[in-house]
Amino acid sequence: MQGEIVEQLRQVSTATVTMQLLKRGFRTGAMTGLKPWGADAARMVGPAYTLRYIPAREDLCGAPKPGEPPTAQRLAIEECPPGHILVMATDGEQRCGTIGDILAERLVVRKVGGVVTDGAIRDAGVIAGIGLAVYATAAVAPASMNYLHPVEVQRPVGCAGAAVFPGDMIVADADGVVVIPQHLAAEIARDGLEQERVERFVAREVRRGRSTLEVYPPSDAVKAEYRRWVEAGEPA
Amino acid sequence: MQGEIVEQLRQVSTATVTMQLLKRGFRTGAMTGLKPWGADAARMVGPAYTLRYIPAREDLCGAPKPGEPPTAQRLAIEECPPGHILVMATDGEQRCGTIGDILAERLVVRKVGGVVTDGAIRDAGVIAGIGLAVYATAAVAPASMNYLHPVEVQRPVGCAGAAVFPGDMIVADADGVVVIPQHLAAEIARDGLEQERVERFVAREVRRGRSTLEVYPPSDAVKAEYRRWVEAGEPA
Amino acid sequence: MQGEIVEQLRQVSTATVTMQLLKRGFRTGAMTGLKPWGADAARMVGPAYTLRYIPAREDLCGAPKPGEPPTAQRLAIEECPPGHILVMATDGEQRCGTIGDILAERLVVRKVGGVVTDGAIRDAGVIAGIGLAVYATAAVAPASMNYLHPVEVQRPVGCAGAAVFPGDMIVADADGVVVIPQHLAAEIARDGLEQERVERFVAREVRRGRSTLEVYPPSDAVKAEYRRWVEAGEPA
Amino acid sequence: MQGEIVEQLRQVSTATVTMQLLKRGFRTGAMTGLKPWGADAARMVGPAYTLRYIPAREDLCGAPKPGEPPTAQRLAIEECPPGHILVMATDGEQRCGTIGDILAERLVVRKVGGVVTDGAIRDAGVIAGIGLAVYATAAVAPASMNYLHPVEVQRPVGCAGAAVFPGDMIVADADGVVVIPQHLAAEIARDGLEQERVERFVAREVRRGRSTLEVYPPSDAVKAEYRRWVEAGEPA
Amino acid sequence: MQGEIVEQLRQVSTATVTMQLLKRGFRTGAMTGLKPWGADAARMVGPAYTLRYIPAREDLCGAPKPGEPPTAQRLAIEECPPGHILVMATDGEQRCGTIGDILAERLVVRKVGGVVTDGAIRDAGVIAGIGLAVYATAAVAPASMNYLHPVEVQRPVGCAGAAVFPGDMIVADADGVVVIPQHLAAEIARDGLEQERVERFVAREVRRGRSTLEVYPPSDAVKAEYRRWVEAGEPA
Amino acid sequence: MQGEIVEQLRQVSTATVTMQLLKRGFRTGAMTGLKPWGADAARMVGPAYTLRYIPAREDLCGAPKPGEPPTAQRLAIEECPPGHILVMATDGEQRCGTIGDILAERLVVRKVGGVVTDGAIRDAGVIAGIGLAVYATAAVAPASMNYLHPVEVQRPVGCAGAAVFPGDMIVADADGVVVIPQHLAAEIARDGLEQERVERFVAREVRRGRSTLEVYPPSDAVKAEYRRWVEAGEPA
C-alpha cells in the first residue's frame, strides 16, 4: 500500500501536493529554504525517518574516536529503512554539515530514499555525484560535531518550518520539500494525480491561446471538455 | 522610441546601468537577492507593469474556485502588455509562489517580456524550460493564496529594495535586476552603450598586460588611444 | 616550501581541513555563506592577501575619475602577489560588488590565485568564464563605491565569520572557504593528505557493503587492513 | 456604533482578540516585532487609516523645502480622522523614521488615536512624553526621505506581517498590535469582553490553588461555577 | 546539595559563570537574544525542566476545548517541580506566545523558579507584575497553538543557541540566560563565588584609580593585596 | 574649539544632525540597531576613538592570564582620551560582550565620554548604574575573547552600518548614534543649533493649532514670524 502511494506521488509535484493540503485546511507543510543538491535530487518521495540535533557542547562533541559508542546520528545512518527519507532537524544550523561523503555512500548502499535537512551538508562536491537525493540549505566544510549534538531518532521534529512526524510522507522536487501527514497520504496521492491530469489539460489549452480566466480553474463547460480529452486518450 | 531604448539596453549590462545611475546621483535602483530562474533569464529588458500583494487573510485567500471574480493577480496575467516586465511586489514573502506553470505559460503565449518578484515562484522545474525570463528569490511549492493577497496593479511598488513605478525600465542579467526611472531611460541607454564600448577597449588593454591604474578610468591619453581603436573598427 | 604546501592542499578537501583543525582544538576557521562563482572555482588554494572595506561615505565614494590617487582597492588589484588569494572583507555588504570584470581580468593576467569576499561581485556573467576562482555571497550590479570604502590592505580581517591574517592559507572547494592559520599550514597539509587516503579506503569498504560503525573511524583491525591496502598500491 | 466597539475593545486584550480570531479560523492578524513607544501606548484602539511608503529615489526624496506640494505623508498627518490609528507601511525599513516630533505633536492636537508602523520613528525621546500612543520597531535619527517615499493613503497595506484594510479595527497593548477585519469587529468585541470575564474567573480560581487542567478551558461544571460567580457580582 | 548550589549561584553573575565555563573549555552555554520580562526576572537560578515544541499543524492545533486530553505544554505547567526553571524550546518562533497569564499564575502558585523560552510570551503586561521571572525573546498576542505544537517534556533541547539537558543549572540576570552542565554546577558555583569576590576587590582598586593593566587579571603581588583585603573583612 | 563644538552639539538632537547631513548630500552616518544602556546614555557627544575586533581564533583568545601582554582592547581602555567616545567595531557580534563592569569602571575614572559598539556588552546590570553612557545592540554574559579578537586602535572602522574615522564627532540620544565627519562638525553644530530653535518655534505653533502644511517647513511669512519670536525672547 505504502509502495503504491509512493509510486503515485512520484508523479505529483510538490506544488500540487500543497494545493491538496490547502483544500483540506492546511497552509503548513512546506519547508522553506532547502535546495536540491546534485542532479539526482529531483522528485524524491518516501516516508520520514527523523533524527534530531541540538547545539553542541564541547565535552560531548569532539572529533570521533574508534571505540566510542555510536551517536544517534551514526545509528540513524545504519537504521533508516530502505526507501525512507532521513530527515535531520538542526534548527537551521548552517555552520556545519549533518552528513558527509562516507555516510552518504552508506545511505546509497542501504538504498535509503534520500536526505532532508534544515542544516547544511559537507563534501557536497562528492555527494552531488553518488546518486543520492539530498535537500539541504547549504554546503559547508566543518563536520556536525563542531556545532551540533545528535539526540534521538524517530521523534516528531520541526524541520525548516514544517512539523515532521515519523512516517509522514516526504515529497520533494525543484520547488523544495513538502510533508504530508501520514493519514492523508493516500487521498492526497489519489487526488493529486487527478489534479496533475487536469492541469496538463489546462496547460495545453493555455498553450493553444485560451485565457486563463476562461480555463483555470475549469468551469463546468471546461470540465466537460476535459473529460472528452481524457476519453480521447489525452491527445497533445 | 521605447522599442529602440529596449534594444539598446539589451547590449548594456546592469553593472553599467548602475554606474550611469551613480553618475546622475542615484545609489538606489538595484534590487537585491533575486536570481535568474532558468536559462532564458539572461539579459531581460522592458518597461515595468506592477502588481502589489499584501499578506493573506484567511477569509479572502482560499483555494481558487470556478466562477469567482478574478483577483488582481489573475488580471495582471491577462493584461500585462507584450514586452513589459511583470513586477510582483510581496515584501519578500518566500513561503509561497507568486506564479506557477500555468500562469507562466500564459505569459509566454502573451509575449510578456519577463517576470520579477521579491517573492518566490512555484513549479520552478517547469518554468525553467518554457522560455520565460524570471527573476525571483526562491522556488517553493505553496500557491500564492497561502500567504499573499493580490491588491492592485499599476501602482508604484517597492520590490527587493528598489522603487518601481509603472513604466520604469527594468534591466536584468546575471547580476540581478535594476530599475531605471522612466525619464532617464533614453539617456542611460545611450551613455550605457558608449560605456560598454569603452570598457571593451579597456578590458582588451588589460588582457594585453597593461595596469588598471594606467587605463581605468581612461586618462586623456588613453581616451585618444580609444578613439583611434574605434576609428580602426574595434580590432580584437 | 609554501609551494609544496599549496600543492598538497590541492588534494585535501575543506571538509578534511576542518577536521584537522578540530583535532587541534579549532572549531573556527570556516567561512559561511560563500559560493563558488564560475566553473573554475573548484579547489582553490593559496596564501591570503587582505583588503578591508568600511561603509561608504558620500564625499569619499563617487564614480571614479581619471587622475584620482588609487584607492586601497585599486592598489590591491595591482599588488596582490601571484598565487595569493585576494580576501576582501566587507562585513557582508551585499548591495554592491567588490570586483567587476575589468579588475578580474587584471587578476587573471597577474596570475593571482583567486578571490574571496563576504560581499558580492558584479559582472558575474563575465567573471564566470575568464578562468578566475571566485568565492562570494552574491552577484549584484552596483559598483563598490555605492556602499563601500576601501581602507587598507594586509591587515587582519574578519571575513564571513572567520579571522584571516595575511599569509594564512586559504583552501576552498564546493563546501566553501576555510582558513588555516599560517603556522599550522604545513602540518595540516601533511595530516590532511593522509586523512584523505584513509577516507578513500573507508569509502571503498562502505561501497563494498560494510557498516560505517565497523569501519569509521577505523578500529585497530581496520587500520591494519588499511595499511595492507596501502602496501598493495591502493587497489580500487 | 463604532464608538461602542472601540470602548468595548479597550477592555479586551490583544491576546483575547487573537483567540477570538482563531476561533473564527484566522491565524493571521497579529503584527510582529512592534513595541510600544512611551508610557501612553498601552491599550490603543481605533479604526485604521493607512499610509504606504516605497523605497526612496534620490530625485524624489530630498530635504523638505517650503512651497513644495505636500506628500502623501504630510497629507496623512492632516487628514487622518480623530480617533483613527495612522498605520504606516514601510516593508520594515528601519534606517529612517516615519514620523518625528513636530508631526507627532500635530497628531496629538488633531486627536488622532495613535500610530502604528513597521518602520521606525525619530525624536523618540520627545514622542515618548507627548501623550501619543505609538507602536514601532525602532527609533532612529534620519528622516523618512532618506530611505522612504510616501505613495498613497487609504489603500490596503501589509504591515509587520498583517493585512490592514482602511477601517479595520486596530487593537494594541503590551503584546503588540492586532488587526480585526472590519466586518468582525462588533462580534469580536462582544465575545472578547465575555472571554475576559471568564478568564478573570479562571485566574481567580488558579490563584486559589486549583489545577489549570481542572479549570481551563472550563468544563461544564466549572462553567456553572462561573455563572454563579457572575451572578454573585464577581467577588474577588 | 542542589539547594546550596542554587543559593551560591544567586550571588554569581552570568558573566562570571561564562568565564568559569571558558576556563573549562566551554565557549557555548549562553543563550542569545533573551530579555527579562518584568522586574522580578533579575538573578533567576534553578535546574532546567524542558518542554519541546515543533511547528503547528492545523489538525493538531486549534483553540482549546474542554475535555481534550492535556498537551505536553499543559502537563509541563502542572508538573515542573518547585524551584525548577521551565525551559520551552521553540526554534525561535516569535509569532505566538508559549505562555499566557493564566498558565503563568499557575506557575507562581506552584512555586516554579522561572521561565525561559526562545519563543515569545503573551499577556506580557500581566506577567510583568505577578512575581514570576521570565526570559523570552518577545511579547506577542497569539496563543501557542497558532504556530506551535508541544511534543514532549524532559528531553534535551536546543534553546536560543544553547544545549539544555534536564537538570542542567539555569542562571539568568540582566545579561541573559546561561546553562551550566549538571556535573559542573557545584564547582562553578564554588569558583564563581570566589571570582566574584576577586572582582569586587579589583573594581574597588579601579575606582581608586589604578590601571586595569596593573590589577586585572591580578598579578601575584595584587593577589597578595587581595588576600590581605579579604582577611581585613573586605573594607569598602 | 572642539570643546565648543561638543557643547553646541549637546543641544542638537541626532534627528537634527542627520537632517543637516542630508542637506549636505549625506544619507549615511546614522548607525542602526543600537540602544542606550542605562539612564546616563542620553545625549552623548564626543570625538571617536576606534577599536577594531575580528572573529576569535582559539589559539589567540582564551581566558586572560596575568603577565600576558595587553591586547588592543586593554590598551584602548587605558588610552582613549577623556571626553572621547570609545567606538568598538565587531561586525555585529552579539554572542559576547565587548566590555564588562571592571573595564567600564575604569572608563568612568578616566572620564571617557562614552562607549559605542555594534556588538554587545556584559555586566549590563552594573554598567547601567555607574554613570557611563553606553550604546550597544545587546547585553550578554560571555566575555569578548569567546568570539572576538581585538586587532588595532585608531583606524577607520565600520560600526552598525556607518563609517567612523578617528576624530569624527559622535552624537547620540534616544534615536541612537550618528557620526559627523570631522571636517563638518563645526558647521553642523552651528546650523543644527539654529534648526533646533526653528523647530521649537514650529512645534509651538503646531501646539497652538496651526497646520503643519502651513508652518513646516516654514514659508517666508512664517520665517518672518519666527524672527519676531526670536527677537521677543522666544516666549512659550
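As written, the chain order gives the labels A, B, C, D, E and F, with residue 1 at the start of each chain.
What we mean here is this: a residue touches a chain if its C-beta (ideal position, glycine included) is under 8 Å from a C-beta of that chain, and two chains touch if they have at least 3 such contacts.
What you see is a predicted model, and the numbers here were worked out from it, not measured in a lab.
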{"item": "If a chain touches subunit C and subunit F alike, it appears here", "value": "none"}
{"item": "Neighbouring chains common to subunit B and subunit D, by label", "value": "none"}
{"item": "Relative to subunit C, chain with the most remote C-alpha centre", "value": "D"}
{"item": "Same-residue or different-residue interface between subunit D and subunit E, half as cut-off", "value": "different"}
{"item": "Gap in Å, rounded to a whole number, between the CA centres of subunit E and subunit C", "value": "39"}
{"item": "Separation of mean Cα positions, subunit F and subunit E [Å, integer]", "value": "31"}
{"item": "Distance from subunit F to subunit A - Cα centre to Cα centre, in angstrom", "value": "49"}
{"item": "Touching two or more other chains - residue numbers and ranges from subunit A", "value": "27, 161"}
{"item": "Chains grouped in pairs wherever the two touch, ordered by label", "value": "A-B, A-C, A-E, B-C, B-D, C-F, D-E, D-F, E-F"}
{"item": "Residues of subunit F that touch subunit D when the two form their complex", "value": "13-15, 17-19, 22-23, 27, 30, 32-33, 42, 161, 173-176, 178, 199, 202-203, 206-207, 209, 211-213, 216-220"}
{"item": "Touching residues (chain side subunit C, partner subunit F) in the complex", "value": "25-29, 53-60, 91-92, 149, 151-152, 155-158, 161-164, 181"}
{"item": "Residues of subunit B defined as touching subunit A within the complex", "value": "62-67, 70, 74, 77-78, 94-95, 97, 100-103, 105-106, 109, 122-125, 128, 138-143, 145-147"}
